[in-house]
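In what follows, structures are represented as structure tokens.
Note that chain A is present in both complexes that follow, paired respectively with chain B and with chain C.
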Partner chain A sequence: MSTGAASTAARQSRKSWTVVRGAPSPKRSWAYRIVAIFAVIAGSALYLVLTIHQPDILGVVLRESFATPASLDEWVVLATPFFLTALAVLIPLRVGLWNIGGEGQFFAGAWLATGFAFWLTHLTGGLLIPGMLVAGALGGALWAAIPTLARVYLNVNEIISTLMLNVVMVFWVAYWLVGSWQYGGSTGGTLQSRIIPTQAQLPLLHVAGGLDSGVIIALVLTALVGLYLHYSTFGYQSLLVGSGRAVALYTGVRIRRVQMISMLAAGALAGVAGVLQLTGNSYQLTPGLSNNTGYLGIAVAILAGNSIWGLVVMSGLLSTIMLVGQNAQMYGVSSDAPFIVIGVLLLLNALGDALSQYRVMRLDRRDVSSEAEGDDLVEAEGHSTAGSGAPGLEMVRDALEAG
Partner chain B sequence: MHTFELSFAAALLAATPLLLAATGELFGEILGMMNVGIEGLMLMGAVTGVIVTLHTNSPELGLLCGALAGAAYLLVVYGIPVVVFMTEQVLPGFAVWFIGLGLSQLLGNNYENTSVSSSSTVVGLPGIDRIPVIREMIGHFPWPVYVAFVLPFGVAWLLGHTRHGRNMRAIGENPATAATGAGIAVMRWRLFYVGVNGFFGGFAGAFLAVVAVGAWGPDVTAGRGFIALAVVIFSAWRARWLIVGAAFFGGLLILVELGGALAWPIPPDFLSMFPYLGAVIVLVIWSIRGRRGELSAAPTSLGVRVMSRR
Partner chain C sequence: MSTGEIGEVNKESGRPVGAARNSADLKLRVRGVVKSFGSLRALRGVDLDCEVGQIHAVLGENGAGKSTLMSVVTGLLAPDEGEMFLDGHEYRPQNSQVAMRHGVGMVHQDFQLIERLSVGENLFLGWDGAPRIATVQRVHEAAAAAIARFGFSLDPATKVQDLSVGEQQRVAVVRALVRGAKVLILDEPTAALTPQEVGELFVVMRSLASQGTTIIFITHKLREVMDIADHVTVLRLGERVASFPIGECDEARLAREMLGRDVVPLERDSAEVPEGSQVVMRVESLHARDERGLLAVKDVSLQLVSHEIVGVAAIAGNGQRELSEALAGVRQVESGRIEIDGSDITSRSANAFTASGIGYIPEDRLGAGMMLRESIARNAIMKALSVRSERARLTRGFLLRPREIENYANELLAEGQVSTRDAGVPVGHLSGGNIQRLLIAREVRIASRLLIAVHPTLGLDVGATERTWQTLLDARGRGIAILLISEDLDEVLTLSDRILVMHHGEIVGEFQNRTTPPTREQLGLLMGGATPRGDSVGVSA
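Moving on to the complex of A and B:
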């Protein structure tokens, strides 16, 4: 008896708290994300208090951001492009591709739509805006097609190519703003286009706050894309492709086709975001038209974590950050301060995702030591589906491509 | 008068920050770590460099502090998440850019457009001082320019001819084998070279603001961080080719500035596009060569998540 009691006591003493690594858990990941968001909000609130010393001015900033009739309108206007530029990142991420090119596709869409409005002004008012939207989608998709073809057929890293093509497109737009499109003719000094004709401007929903009807188009598109991804065969196939090359090959999904469609759709949506910004509230093409929404869309999509509801909520969150930043700017807060907030948010989110693989558990020490032995020094995972298949499956792929 | 010689000198001066930042980025990418936020890193180096120079009146100390600030900044924002917590690399890269953009403006708010003197850094090359045309072209430069143009040769030697360099490449090509087969402490090596990357990125930014521009202004880098990224790809990850890439793109920057003065038939916007377009074209060319069975130019584990214990 006494020996038995001693051995149970020994076994209990061998139990200890240990960190165990397993599969990433979406639930824990969301928990970390929410903690990160609250931490960042608390941090920025503290920063605002420290920067704007007078409490009454702080009150003015917050009232301008949240409590005036116009503030709600501004908030929605700022959020509108985020829905679409975030979708432009989220859809390719489902198939394991990084679309960093939302910014370029945004401008490609806006550029082609501006051209459409200038060249086909005589089109009846009812047709001009739909035509511009189609032109914008086409422009965005075509600009996305270059890195997509290079990725799918030549295995060119799409992160770098889309990032580089963004800058190319901004210079392309700047080139068109010097010359016939220029505001005030070709002798004007500033880099902005002529105002687009009134029949090419979206009607305002709420004149006082400048709320345009673009948000309806953006939300309808977001809902359609969300439903399509959730219920269609394509949506399921894209999840299979994203789960890894082996899964997709085994289930017979045509990987290239799914990846192409996802990237082109992403480009088209970013292009539409550009058109909405153009026809909704800017009315002219400028190099600052996007206000970095193409890049900020990446942050929205990442924070949304592959969920359309998350995407809508996070668009609202980023729009809030940008709005408070804009209003605080008039009281001495640096205009780029919102970028710090969003950068920290991205960083904490990445950390949370990494930490979500770990669990603190109470384990027997023997299990712990065997676990540690099994966990080798280094292992590498692909960031995308490329090369993650088993060697035998390469043969299957070759056979599939041949047949 | 001396248009050619002066433009040549100006191009080398413009190429220097590109070359320094690209060399730093090459160190990171050789070990498989791609940092897309060089722009933010350079901005942090630039603002630190200017602030320290204004307070101490010593551009050397400013450059050093800018470089050290870059190393510390990249280690905290990029190195620890990517290497220690094993996150993927794109988001921390963007965080480096965003936070650098915002934080540099915040720190530099009170120092905006205050000019910095850096004449003490200018060094004359002893032999070349007496040769007429060459003297104007490469004779009188701040010392970091010479450092930047010699550095890639040292890096090429390090990577190609030393055991240390082979180990670096091994980590970038196949981290699992580097650790288990060669017994390299992958995590420590990668952290160290994130620091090196940050050091040169910060140095590049500090050089740009303190020496080349001579003042801090918001977004003083104006996209040079992205050109530096393009330079690394353009050089296809070969250290000596960084010089070619940086000199070429530095020359393009000067051509854009000269613009109408030369009355070139090509619009300046197209010249500005070229570094980025060139990088994409080079990527495609190397991929086509890769399909023909030649070795890929990029380190195999570039952008890949690596788990390591030590």
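Moving on to the complex of A and C:
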């Protein structure tokens, strides 16, 4: 090709940025996710500074959140249930099911464990807490079993049924809290249970911030689930089921069984989250026990992008948001603020996922079709249709206009 | 626009004019295109010259880079290096829409039509030349006009899901033409078609070419190249190794250019099915329904015997797919009985069929047979975990053994001669033919009693086709029963010991291919539903 200096110069000046659409890319979507996180952090900081009229508000809140002897403890305590409630979403997602019922399963677990602690108070020391954990897992799994059976055998949409059952569970718990378990007998006005016996309370690891040993249980369970999903035959079967009906039929994997096990495991994990909150933290059953962790687990799982590592990191992130929110509350920020922040983060994340299929490239403008380049394009088209016997475009246009 | 001297620059666009040099008729010129995926160099400086109104065949082994080259031409992939010219002008599409505006259109193997919409709606969907507001009726009228203009016969109001594969393909072709395609790219268009539909497609291609459309045609069938192409370009390992007019070559030369060697003729096994053969699978009056609930397999009884290849000849849509699925445990049967080695497994899942030693090469290899986004290793064990002996090797208790799984995958890659040796690559990154090679290797490996092979050589190059046939014959030699379902009559006639003909879900004819081979005409008539003649027919119980 002989291209003169003039044409090269002309070409250079005609370079421009263009958006090109391709396949969605996990790498780019993670990049957008990280940008979204920083954007949300910056936005929150700006909001604090602009709305709370107190000198150095940012420094004060950050110091309270991160630099007191108790802050690390609080952060871990807040993160603990997220690991489990997020797993309760992530595991079913791998087999194509949405478990929105983490909140209800959390309470089902906490409720059964509370009952266990009250009824079997005299169980020899070391057995009470393990018993409560098992009871909690069972409670969560049973509560998840209802929508799962309906989904697997009757094809009832699990998104709606799991969501609805959350509400049912809240009332079920309230029924017990105004009844036989009520704090201070039937005279007390508040919805809270009696305190569970001391032998049913998890030992503290670190007294300053009330760090309980629940986090160890949560992390061990997370690691086990991670290993199980990636290195077990069951994890492989989940992959087959999650790859679509055609693949599942072709390999003969038992779809119903795999889906049921996944949902029951999810319910059990959410139930255990409830027990940990009960035995490690509040020592009594209250309607506020979950602090919405059942729902926030969905956010964690979505932000985690189907990865166990992502899940651990995002649990930490959400607990940071909640912690800063708690501390900011003392200076007049609404208690809803952390939820708003998480909502915005999810929105930006969804946007990032969509954007991840586009790339911005610097291209020669001649190839870019925009109004400004219309003449170029017409030229190319005119050239390509010249002298041909099949003017498809024009002909169809004519037909449409005539019609 | 005027053609000028070489090197003259058009003042408005700043591009050299008359760049096509002395070959003014060159529609598309590709120069030195390089495309790498990581360390793999899929295209290593490829040239391609297509004239106006030419049917240009592109040939090459699996993984030679044909589809990649076409993705570059249609803007789906950006080349790392190289230039392209359309009508002598520099051409650099960023995506397929831009390519389409320049008149370069592609018909993909899966057609990319919306099944629930009508033909007319599909033609106008996503086309920026379509009017903003139009009634369905007007769209259909305009579509009818377009279809007629290009010499097709299709009803614009029919839903795409009710069309045959050949008709759907025609819709995809018209869709490209309506958008003004002057360069039409067809990637393995004949793979999904019946021989008759291939004939019809060729008529269409000739008439389009005579109207000035340039057609780039990818196929693995050398005979099709000889039949239809004006010019052929051969790729090998991402390089153009030959390009000549069709008059200068024959099938043997094409094969040699493609493979870099001569094709080894097939070694036939001993003609007779040996005495000691046992019945592997017995099927009694099987009925099965298709997705729409219609009875697709009607009262089929057959026996599959070790050391025997049974070919099924049928026109697409006559129940052979449903039959293969039922015999592999993938499709629920309506009634009837399937026995393997004497024990009933009629209502079991595919898992049990696999465990009994049945391998299955399905028709829907990309949708059902592979998980495209997962690694080769994960795809390699899709069936093996159902087979007890393999399971013992690949797992310990309920845990997978990643090292063994990788070894297993590498063995399959070697057996299938797949172009990559890295089991960590997602299957979707392999070329179409290489995916098929992997799938065949996987299924042959677990087929200890019976192999059900549907269109096994579809998408394979000449060499791989011969190797696959040899693989089937070897399996037969080891005493494995084989059910071969294929639309390629040559394949059925070459390999089968016995041939069954299906029509409307029933078996309407049976031939002992070794002793009394049927003629193609006999088969064709029966497949088309002609009443059978007494002598050749008689379904054995």
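Everything that follows uses one rule, which is that the second predicted complex is superposed on the first by the 332 of 403 C-alpha atoms of A that agree within 3 Å, B and C clash if a C-alpha of one lies under 4 Å from a C-alpha of the other, contacts with A are read in each partner's own complex, and residues count from 1 in each chain.
We adopt the following convention: a residue touches a chain if its C-beta (ideal position, glycine included) is under 8 Å from a C-beta of that chain, and two chains touch if they have at least 3 such contacts.
No experiment lies behind these values; they were computed from the predicted model shown.
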Check your understanding: Just chain B (first), just chain C (second), both, or neither: which does A:183 touch?
Key -> neither
Review point. Now for A:66: first (chain B), second (chain C), both, or neither, which partner does it touch?
Key: neither
Exercise for review: In the overlay, answer first, second, both or neither for which of chain B and chain C A:251 touches.
Suggested key: second
Practice item. Check whether A:353 is in contact with chain B, with chain C, with both or with neither, and answer first, second, both or neither. Key: first
Check your understanding: Regarding the shared-chain residue A:243, is it in contact with chain B (first), chain C (second), both, or neither?
Key -> second
Practice item. Could you tell me if A:160 is touching chain B, chain C, both of them or neither one (first, second, both, neither)? Key: first
Check your understanding: Touching A:233 in the superposition: chain B (first), chain C (second), both, neither?
Key -> second
**Study point:** Touching both chain B and chain C, residues of chain A
**Key:** 375-377, 379-383
Review point. Which residues of chain A touch chain C in the complex?
Key: 1-4, 6-7, 10-11, 14, 18, 20-22, 231-236, 239-240, 243-244, 246-247, 249-254, 361, 363-364, 366-369, 375-377, 379-385, 387-390, 392-393, 395-397, 399-401, 403
Point to revise | Touching residues (chain side chain C, partner chain A) in the complex | key: 1, 6-7, 9, 12-16, 19, 78, 83, 86-87, 89-95, 98, 101-103, 129-131, 134, 137-139, 141-142, 145-146, 149-150, 177-182, 208, 211-213, 329-331, 349-354, 360, 362, 364, 367-369, 371, 374, 378, 381-383, 385-386, 395, 398-400, 402
Point to revise | List of chain B residues in touch with chain A within their complex | key: 34, 36, 40, 77, 81, 85-92, 94-103, 105-106, 109, 174-176, 178-180, 186, 218, 223, 226, 229-230, 233, 267, 269-270, 272-273, 276-277, 279-280, 283-284, 287-288, 290-291, 298, 301-310
**Study point:** Residue ranges of chain A touching chain B (in the complex, touch as defined)
**Key:** 98, 100, 146-147, 150, 154-157, 159-161, 163-165, 167-168, 171-172, 174-175, 178, 295, 298-299, 302, 334-344, 346-347, 349-351, 353-355, 375-383
